[in-house]
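Okay, handing you the structure first.
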């Protein structure tokens, strides 16, 4: 079980980046940080199965690609890709903007909620050869 | 139990309209037909709780509003609104374009699948005063 | 498959009794009617596995045993007993008065919703010798 | 929606065959009957996506292939294949012999239970191109 | 994410209080302790959304308000309120006395079970503005 | 809550044994190790409710009892017994060889996934007197 379980995290606030990184590390996951939707999409486009899940903030920067867009892009590449959104004031939009079988974590949330959300989505995903 | 359970159906093919209307009628539902996404949105905007669920085709007409858009609009008005999509070649896009807690019926499907899909979503929706 | 699948229905309104009986009959179930909570409890107490599910109205008569009470009684006898409630103005109380893994059908509902609700609960119940 | 939704049914009792065929037909499905596990496996091996779900009895004939085996074979070909078992005295063995995400219908069951079981499994299956 | 996620815990045994407090703290939650059902109800009545979930023991003291009652009260105020029960000998009564969409942790349970139960209920709750 | 929650773990690789033991211990569970399917079955046969869940590797040794077999044996004794499989190259066979309501963890997985999987299955299991 030497291989790592990489999770792509899209977040532009360094403080939240640190909190998320620490949560995931405590759960035994390896976080890869992208600080904009644009760079997340670049990483996903060349990933070929490298990442096992996406955790994304919604508001990434005015006038730029948001978390809803990044998640849809990830699902176009891999239809079963586990998606967790994190948001404060945009959490209400999940019902209209989120993708099926995703989880919205409304801020504030506890670290255990993030780890449980990612674990549940990974455990439910059908194994692939 | 005299009041009807109205289901808004968005479909531009008259043959499919007839099949869906008959399915719903057999299950005891009352179908209201819209033949374009534009008219569906108009109906939803003035509905104020009149409809209990949305059944929508995806490809409604080239260059016009599609079913993904109609469903997002319905969810912006009412976050728990039950949504069933029907599609043939676009069924694969559900993972990236569908809304959470919706059902995609890939054509061809049997009438019982449509009635069961609508019933399950209605039965799961939290009762509201 | 000659043996019948008996469903105990608690309802004091003869019109609703007829509608429910017809729905269940269309689905291939056999309805046994009780017109008060008191008689439902008597039937359950002597049933010994005779009924496979309970469908109960909430308001059965002022000052008498209500549907919440009947359902709790059924679950004391058999912890996995399938329960469907039907109600109009009391549907909101399901979150505080309903039992776990039950379904609330808020009136008005379509016949297919009732049949689907009962079928789902029966299909999910663990088989017993 | 002219194309049919074919369901492979494995059952050696002609009376039960008739009941199942009628249930499925009422729900708009097309049943294809196999009267032994051996012939079911032959049909599955050449099917290439022809059937959308399997409904199988457990005890098909002493000393012959049983329903547990047929279901495992179907899942080896297609990991998401919808499976419904029907049984009387073997229903208890589902917890140890059934495949994941399958449904056991313990006899006697009502026709609506069979149609709801098949519909739910089909509606939950991820759409495939 | 500076704001805390407060969980109301109702427990009269100081030893169990300590265990629960430590579990929740490890998961990043903040526990608020009530040592009787009466004081829990007072706290809920003035809370106005302050608490995000309720964890309650069942037997709080002979002749006093029990955990079943506290949970129903919490759901009357907020129909989607996450509820976790903890119990030893009363765990069997959950099927008849528990509220819908709640979790019963039968003692003894591991700390991870409590944290996972609370996290799952919070993650499933629809976001509210 | 002094009593321990014992989890039976079947694994022949000492390195993986250590990882699993540490994960479970961090979550507050007590692991009991069996290094072959044969010894796991012996332990289950005399257990009488001693263990609360089974975590099993699939490939235990060529020509010996594998994890699929151990899980079926555990479910024959106790139909609701929580089962988690761990596997690398055999994860794909879960759809045809796994038991209902089990979880397959495809290697590599993070420690949090294992703890969440066990916790969810235990929390969902109906309490028994």
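Order as written gives the chain letters A, B, C, D, E and F; numbering starts at 1 within each chain.
Everything that follows uses one rule, which is that a residue touches a chain if its C-beta (ideal position, glycine included) is under 8 Å from a C-beta of that chain, and two chains touch if they have at least 3 such contacts.
Bear in mind that the values here come from a model prediction, so they are computed numbers and not experimental data.
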In terms of mean CA position, the chain most removed from chain F is B
Looking at C-alpha means, what's the farthest chain from chain C?
A
Euclidean distance of C-alpha centroids - chain A vs chain C, Å:
43
Just how far, in Å, is the C-alpha centre of chain D from the one of chain C?
29
Computed distance of Cα centres, chain F from chain C, in Å
38
Residues touching two or more other chains, restricted to chain F: which are they?
79-80, 92, 94-95, 115-116, 120, 126
Mind listing the chain E positions that touch chain F in their complex?
15-16, 19, 23, 91-92, 94-95, 103-113, 115-117, 120
Contacts from chain B onto chain C in the complex sit at residues 1-5, 26-29, 115-116, 118-120, 122-123, 126-129
Quick check: in the complex, which residue numbers of chain F touch chain D?
72-73, 75-76, 79-80, 92-102
